[in-house]
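Some structures are shown below for you to check.
Presented sequentially are two complexes of chain A, the first with chain B as partner and the second with chain C.
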Partner chain A sequence: MANTYVKIATVTVGAGGQASIDFSSIPATYTDLKVVLSLRSSVAAAQDRILIAFNGLTTNYSLTYLMGDGASASSGTRAAFGDNMAGYIDAASNTASVFASTEIYIPSYLSANNKSVSIESVHEDNATTGRAILLAGLWSSSAAINRLTFTPASGPNFTQYSMATLYGIKSS
Partner chain B sequence: MAAGNTYTPIATTTFVSAQASYTFSSIPSTYTDLVLVSNLISPSSGSLYIRVNSDTATNYSRTNLYGNGTTVTSDRASSETLSYVYPGAIGASPTTLITTFNNYSNATTNKTWITRANDTTLDVSAVVALWRSTAAINTILFAINTGTMGIGTTFTLYGITAA
Partner chain C sequence: MKMTDEVLTRIEVNCTTGEETIYVLTADEIAQRVIDAEAAAMEQANRDAEALAQANAKASAHAKLAKLGLTPEEIAAF
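This part shows the complex of A and B:
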């Protein structure tokens, strides 16, 4: 039976950290893409945000989120690239060796229609505020996605042992 | 999740004309779970729902959690004749819904599913549903109650095997 859920690439951040995680030259042979992230930021704060970029571009992003932080729930929208988060992640002020978990599903990434993206992300450290967030992302572009780039909003780095895996999913 | 043939496409479709519904029938009972990936293009402003095994009795209930960019809401409905998978009327932008049916083929327990829906112009939501039937799920209807879903809309049903 053919593989229909295939690992395309994995990135594990080494000693010294890494300013971005970049999946380039994504093959155009799948139906959907899924990214699984385990990330921590080097910024001296209680959390950071992940930014996602398609094809290296910084325009035409928007999102709606639903978030709970253990005390309250909130919902908001964002449209600027710098706010184009794919979730919150643990950072240097959090409990050591704790990494946030994020899953991103991108259906029909080769389509000529605008791209709708489904994201779930959590970070928790048994000390300060954790967050669980659901995101509806939209990249208003007819271009096929051939590159995904993740950067910490503040960083400047993802810390050692951060990890990202890109999967390709075939519908037939 | 293990890669490879534990994640098997059962059936897929891409609309070449606008349609109000799509049905997966004769779903094999050989998997552990099902995942339905729905990517709607230019849907009409209607409500999206699932109906399984053509059951039109009042056997469905659901609990919604959703945010519209300003407020967060949770509500529920019970004894419905279908299972809404989005809390309100959908917008016209591309909308991704991922529905997971756990343990869908057993003949002992009532069935549940969860739908994560994403419409950036309206709501981001999670909807959990109950179908009060112990029958194995063998048919899934996905439909919009007003208008249609446009050309390019895709539905793919995957079977997940636990072992």
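This part shows the complex of A and C:
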């Protein structure tokens, strides 16, 4: 792996869970950011969703998605700003101890232009339908990203042993 | 989102200092979580309704094509 790919921080959720995971004061010394998530929600359902917030803001997002769940495939666009979904995650009704996997790539996070985001996410279950989803996201803001927050849409918590790792990538 | 009596907390890592801190959510933050959860649920319902409508339209189109005499292979070729 290139030495320009640096782990900035890792968060592991402890006993009792956490309502959100927050990476603050992200250094402005990289070109791109990458986040690797292994998450599970406490909600009593067969799935939950991850919501992402840049700089603590939950507006001015839009996305296009391509999804398959083993039974059907779908795609769509959420043009209305306000959709800050970042994938599906396992929840309390899913197979025990299974955590969903998600990777998020944010190129040019310091740019003064709008921020594009690519996300791939798999929600897994041994017994019922799981979901795989690709998302192309956009955050319409000229602000440099200095904070990333992840929240379960229903939650209220990410369960113990959920993990999030933030990497910084330099172009040279 | 059901907000119980449990104390909700968030974990924050300062990426400059490496310091990890756990904060108790304020009443305002909890209220915002409820709003966000409701919006997310509505968004999900819209997405599910669109997927169902798309599947129903596809099934309807296939049925009409079959009535016109197209074979399943010919329909699948569309």
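FYI, the second predicted complex is superposed on the first by the 164 of 172 C-alpha atoms of A that agree within 3 Å, B and C clash if a C-alpha of one lies under 4 Å from a C-alpha of the other, contacts with A are read in each partner's own complex, and residues count from 1 in each chain.
The criterion applied here is as follows: a residue touches a chain if its C-beta (ideal position, glycine included) is under 8 Å from a C-beta of that chain, and two chains touch if they have at least 3 such contacts.
The structure displayed is predicted, hence computed values, not measured ones.
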Exercise. With the two complexes superposed on chain A, say which partner A:143 touches: chain B (first), chain C (second), both, or neither.
Key: neither
Exercise. Check whether chain B or chain C contacts more residues of chain A in the superposed model.
Key: B
Practice problem: Considering only the touch criterion stated at the top, classify A:76 as touching first (chain B), second (chain C), both, or neither. | Solution: both
Exercise. Report for A:57: first if it touches chain B alone, second if chain C alone, otherwise both or neither.
Key: neither
Exercise. Kindly classify A:135 by the partners it touches after superposition: chain B alone (first), chain C alone (second), both, or neither?
Key: first
Quiz item: Just chain B (first), just chain C (second), both, or neither: which does A:166 touch?
Solution: second
Quiz item: Does the superposition put A:66 against chain B (first), chain C (second), both, or neither?
Solution: first
Quiz item: Which chain A residues contact chain B in one complex and chain C in the other?
Solution: 74, 76
Quiz item: Within the complex, which stretch of chain B touches chain A?
Solution: 1, 3-9, 12, 37, 39, 41, 65-72, 93-96, 98, 116-126, 152, 154, 156, 158
Self-check item: In the complex, chain A residues that touch chain C
Solution: 8-9, 11, 13, 16, 18-27, 43, 49, 51, 58, 72, 74, 76, 78, 82-83, 85, 151, 153-157, 166
Self-check item: Residue ranges of chain A in contact with chain B within the complex
Solution: 1-7, 31-32, 62-67, 73-77, 105, 107-108, 111-118, 120, 134-138, 167, 169-172
Quiz item: Inside the complex, what are the residues of chain C that reach chain A?
Solution: 1-4, 8-18, 20, 22, 25, 33, 36-37, 39-41, 43-44, 47, 50-51, 54-55
